[in-house]
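Shared between the two complexes below is chain A, which pairs with chain B and chain C, respectively.
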Partner chain A sequence: MKRSEERWLIILFLAPTTLFMLLLLWAPFLQGMWMSLHRWPFMGEPVWLGLRNYTDFLGAAYFWDAIEATLIYSLSTLFQLAVALVAALALRQPFVRFKALWRGIMIISYAMPPVVVGAIWLFLLDPGLGMITHYLMAFGIIEQPIYWFAENTWAKWMITLVASWTFWPFMFLIILSALQAIPQSRYELAEIYGANLWQRFVVVTLPAIRNAILVVVILRLAFNLAKIEQPFTLTGGGPGYETSVLSILMYRFAFMSGDFGMAFTVGMFLVVMTAALILPFAWLFQRQVGRA
Partner chain B sequence: MTDDRSSPGQKALGHGGLALVLALVLIPYVYVIVTAFKPAEEIYDATWLPQRISFDAWIEVFEVNRFHLYLWNSLVAGAGSAALAILIAVPGAYIFARKEFRFREPFFYMIVGTLIFPFILLIVPITITWIRIGLFDTFIGLWLAFQIFAVPYSMWILRGYFAGLPKNLEEAAMVYGCTQFQAFYRVMLPLAKPVIVSVLFLAFLQGWSDFLFSNMLTTGDGPRTASVAIYASTAGGERVDWQVLMVMTLLTGVPPVVLYMLAQKHLAKTFAAT
Partner chain C sequence: MTEFDGPQTRRDFLKKTTALAALGITTSLTPDLVFAQAKTDLKGVTIDYWNMIGVQNRLVRQLSESVVKAFEQKTGAKVNVTWNSYGDIIGPKYRTNFQGGVKPTVFDAFDRWTGQLRPFLRPMNDFIENNLDAQTRKGLQWTLPLVQDQNRGFKDAKNICDLPFALIPQAPVLARRDHFEKAGLDFTKEFPIRDTDHYIAVCKEIQGKARIQYPTEVYGKIWDFGDTQLNGWIRSLDIETSDFLDADWTKSNATSEAWIKGVQFYVDVYQKHKLSSPNTPQSTDEEAVDLFIRGQKSIVHCDILNRGTLLEKMKGPMEDGTVQWGPHFPITGGKSGSSVFLAMATFEIVRQEGPDAALKERAAFELIKEWLLPENQIAYARTAGLCAREDLFPKIVGAPDRYGEVGTAMLKGAGVWNNHPRSVDFQYNLLAPHGQKALQGASVADELKAYAEEVNAALKT
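The block that comes next holds the complex of A and B.
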């Protein structure tokens, strides 16, 4: 019984969604692809280049810098997972009190705007007056202040650590809710069979949260590669191109050099790289779900 | 719920892990708060207790930096974006959840799939287009651009919620003489109020926090938001006034945190239902 009234409702209600999809997702995407075939300055006339932006980028000295920075930065996902697991497992224990309070504190860094967190770490890691440098020197771990964001070896790891510090609560919240769904009786049963703490983790906990872990890894891999507020605040992609994660490089071309054609070209590489990094985990997830 | 049969080793691990994570999170913030109340001459001492408490930086932030204007811009940017996201996502999600039509699933995933798409690359064409059609440096331009990330997850959450409501609600309402539209407006919409509030909240915070789009799409003369102002004061090249910067971070960072804490229970409840 598909009455015309219902049809009209569907059309009317889907209109905003359709407009959104066409005008804000697909049209800009196609326009961007068109732009990537041009030298397209911020103001002024575009010039047709064909695939020159793509070949230029592949041949550029900074191409491998950017790929390396992107790979290291994506390790942030792993660090986030480690902290999230520790926090979620601790909060799951029946003997821990004030759970709501601790959970509230733990999501502070995720709730704050990323640029705010970036500015805070810019201060804490400042070589002249930052707390971190101060204590590292006071304890004799380092002798000279380290310019964390200006030295090639440090910069890409520092932005990765700061991003990890900011974004782990996202994983934490999802893993925690998966943990909370495990009935306590399963742990008791495992204990009756003589399983120790580690065995209980492997036999009971891990299988129950495996899917949740895969989901958050997939989501965070994608998000982390696009969420570049703090690294951009901390290093701006430098020194040189050392911390130019693909999305930062894209932003640099657009925001700093005003080279919009090249910016979107880099963006296309970001799409490919995101997909490549996600694919193995998506495949694992598919297999898991298929088996269940 | 007390369970004292946990072994001492398990307790030590649990409490140790908890303490470690809390220290990792809290120590930096405590230091930021201390710094915001330090007098300028003490900034180089990495002390935890300033000799005297100073409000100079707080006064400077409002009187010199006029930071309240940027905060206001963030508020308007976030609120407008949240309202627009609801207008787009609620009707769409309702249809996707409860009506049958051809290509429904592919259509839905074409929108929600963008959740894992690196949407920041769309900033490139959008900047150029906004300049061309006069939306550059306007609130409307920001609101529209923010939809790129607000709509997909709003749609996802709302559809899940609508789909979970009892099957025959609309039909029952129509038996009582409602039209299709009234069934949505009088029955479904009130039922969805809690989840709509959650989505408004998330979309607002996303707009409030955004940097990448706002930085690209506004200038110092337009609706520059607090995040962009913070970035601008670190990237100017001149010496950074750290106390002032820390006050700015607190003013911009604390409201979302407070909102999150207040909303925690409500969010957990609505997301448990989807």
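The block that comes next holds the complex of A and C.
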């Protein structure tokens, strides 16, 4: 095949994806940017505002509450990673029996709709009716019920923990598949050289799954920051705006206030924040790929 | 309206309602047996009905299904039912679908959430005038000025686009007689609650003597803060400024004296008197009802819609008079004459297009008429609250829990919330965060001022 023909073939293969990205990703994104510069009601004519939505949002009393809530919520990615890594490593051990059964059990939370998981946790954590409060008190761990979603600090951490519990299996599955690709001979060689468990993890396991970890962290950060339904079910964004992560604010502006201009303004902040959190991991991944 | 005239026995109630209930169940559940012949010929007409009322409880859904079936049998029309939730109309589903051309022929909703859809709605004045039997029209007549009042900000406010079929006065009080007695209180003297001073005094007695740690609850969660008992307390101080918006929908009423006093009392129940649980900033009436059923609450405000759950979970206490409903009560010194806002479940017909538009709209109204039949009105009232037809009120009183007496007594002088296109935003989305902050200790006046500024800014756009 001639070089020019190859080039056309590459263009042909890339065209559908490029078109898809342009129409379904970049065009709506640019439209959103344009809308954020307007007062854009659900019904009625848009009005040009320039940067007014941005200055209004930056000046809003709830701005820092929302940023703080979003940053804390993004930490759920780290919790998910920790749980997923431990679970995947445990399941890789030869002495563990019924591996398929355990794998199935571990992905249950991810298989359920997030709203349902949220509702279950809302019930479990209910200070009057919930099982968790009941057992914490029964075992003398706490003397009084904790009102998890009514206290500002608890509420932020609880939506983060519930999100961690719901979404960690995604990371688990990818890390487990990376682990399973490591040849057993590498571990045997490390053992011959006298490596202990920790050293085998650092020298053999970690380098082999580093790329998988970076990929899932990038993906989950992006996915987690866009979550609306579960935190909204748990707290409605409150008390006050304490758990109004940016995605919830965006939803409220768009669908409860009918103010699409402001909703997309919040969306732009969410894009910037997501990019800022993802970029270091993307850079590390790129470097890793370059080395390989 | 029916006066609230004290308790009745179970036997009285059963005697009065057995025949009617039997008629309701028979006509609703076996329409093919009862209506062998079609009354109105709408053969070949298909209408789409978006049903929201069916999410309330299983019995209402069954009733909805049987009403539709009866309608189809009688008219020959076909109804495609789509089951929706409250969230669908409060949230984006209805708006975006309507805007995109996906519209039903008829839907049910709550009266104050339809303003956003008003351009799509077909006024029903002509149908009400010409196509409704005199008895039904007379029974519904009293609701029409209320419907017009809540749409007062629209140029076409005289058009009736929302026709009530059920009522939810906000918000009656549920009380446990056993807790009163445990606290040494004479239930017949101390219930119904007279005013807020009496409420606090009774709750404190129960808290101290019956050892119920938090005998009552005020609600902070987004959907309940400005939707249950708070608004009635504000109304008891001043009718004029009790709605979220002023008379011509140009500004918020939230900085009025009545609002500040009403919200301050609401916060005081939790902060000062410690009668509401620490969960208050995020609590809901559904949770309070659950705690009430478990004996951890003594006096709670909630919709009569909860009656189905109560009958299911504490049938005995509901039937032996241990659990009783009482009317909402004013703030002490509040002499406005009303402490109730009335929410109404309504039917809406969507403007149809095309050659068969008129026929479809007529079919939609025929379906509404089916819901307004006495047997269906009573069947609904027995499971989920109050029917809209005033002439049928005498038929729903007499239950030992007195829901009918209490509900109908509360209608006297009741106000209605505005149906502004952004009512959901004003009543829930913008108000709740400020309410929750006030419940957490922020200044009530400051929070209401901030809320009013947000509403006023939104009204200008």
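Please note the rule applied: the second predicted complex is superposed on the first by the 257 of 292 C-alpha atoms of A that agree within 3 Å, B and C clash if a C-alpha of one lies under 4 Å from a C-alpha of the other, contacts with A are read in each partner's own complex, and residues count from 1 in each chain.
By definition in this document, contacts are C-beta pairs under 8 Å (C-beta built on N, C-alpha and C of every residue); 3 or more make two chains touch, one makes a residue touch a chain.
In this text, all values refer to a predicted model and were calculated from it rather than measured experimentally.
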| item | value |
| --- | --- |
| When chain B and chain C are modelled together on chain A, clash or fit | clash |
| Which superposed partner A:Ile278 touches (first chain B, second chain C, both, neither) | first |
| First, second, both or neither for A:Thr70, with chain B first and chain C second | neither |
| Touched partner set for A:Gly236, first chain B, second chain C, both or neither | both |
| Which superposed partner A:Arg39 touches (first chain B, second chain C, both, neither) | second |
| Which superposed partner A:Gln80 touches (first chain B, second chain C, both, neither) | neither |
| Chain B versus chain C as contact partner of A:Thr160, first or second or both or neither | neither |
| Partner chain in contact with A:Met256 - chain B first, chain C second, else both or neither | second |
| Which superposed partner A:Leu124 touches (first chain B, second chain C, both, neither) | first |
| Greater residue coverage of chain A in the superposed arrangement, chain B or chain C | B |
| Residue range of chain C overlapping chain B upon superposition on chain A, of 7-15, 25-33 or 97-105 | 97-105 |
| Chain B and chain C contact sites that coincide on chain A, given as residue numbers | 42-43, 126, 128-129, 236, 254-255 |
| Chain A residues touching chain B - in the complex, by the definition given at the top | 3, 5-6, 9-10, 12-14, 16-17, 20-21, 24-25, 28-29, 31-32, 35, 40, 42-43, 83, 86-87, 89-91, 93-96, 100, 102-109, 111-124, 126, 128-131, 134-135, 165, 177, 184, 197, 218-219, 222-223, 225-226, 228-229, 232-233, 236, 247, 250-251, 254-255, 260, 263-264, 267-268, 270-271, 274, 278 |
| Residues of chain B touching chain A in the complex | 1-4, 6-7, 9-11, 13-15, 17-18, 20-22, 24-26, 28-29, 31-32, 35, 43-44, 46, 87-89, 91-92, 94-95, 99, 101, 110-111, 114-129, 131, 144-145, 147-148, 151, 155, 179-181, 184, 205, 208-212, 215-216, 226-228, 230-231, 234-235, 240, 242, 245-246, 248-249, 252-253, 256-257, 259-261, 264, 272 |
| Contact footprint of chain C on chain A as seen in their complex | 39, 41-43, 61-62, 126-129, 145, 147, 149-152, 155, 235-241, 244, 252, 254-259 |
| Chain A-facing residues of chain C, complex | 90-92, 95, 99, 116, 119, 220-223, 277-283, 287, 290-291, 294, 296, 421-422, 424-425, 428-430, 432-434, 436-437, 439-440, 450, 458, 461 |
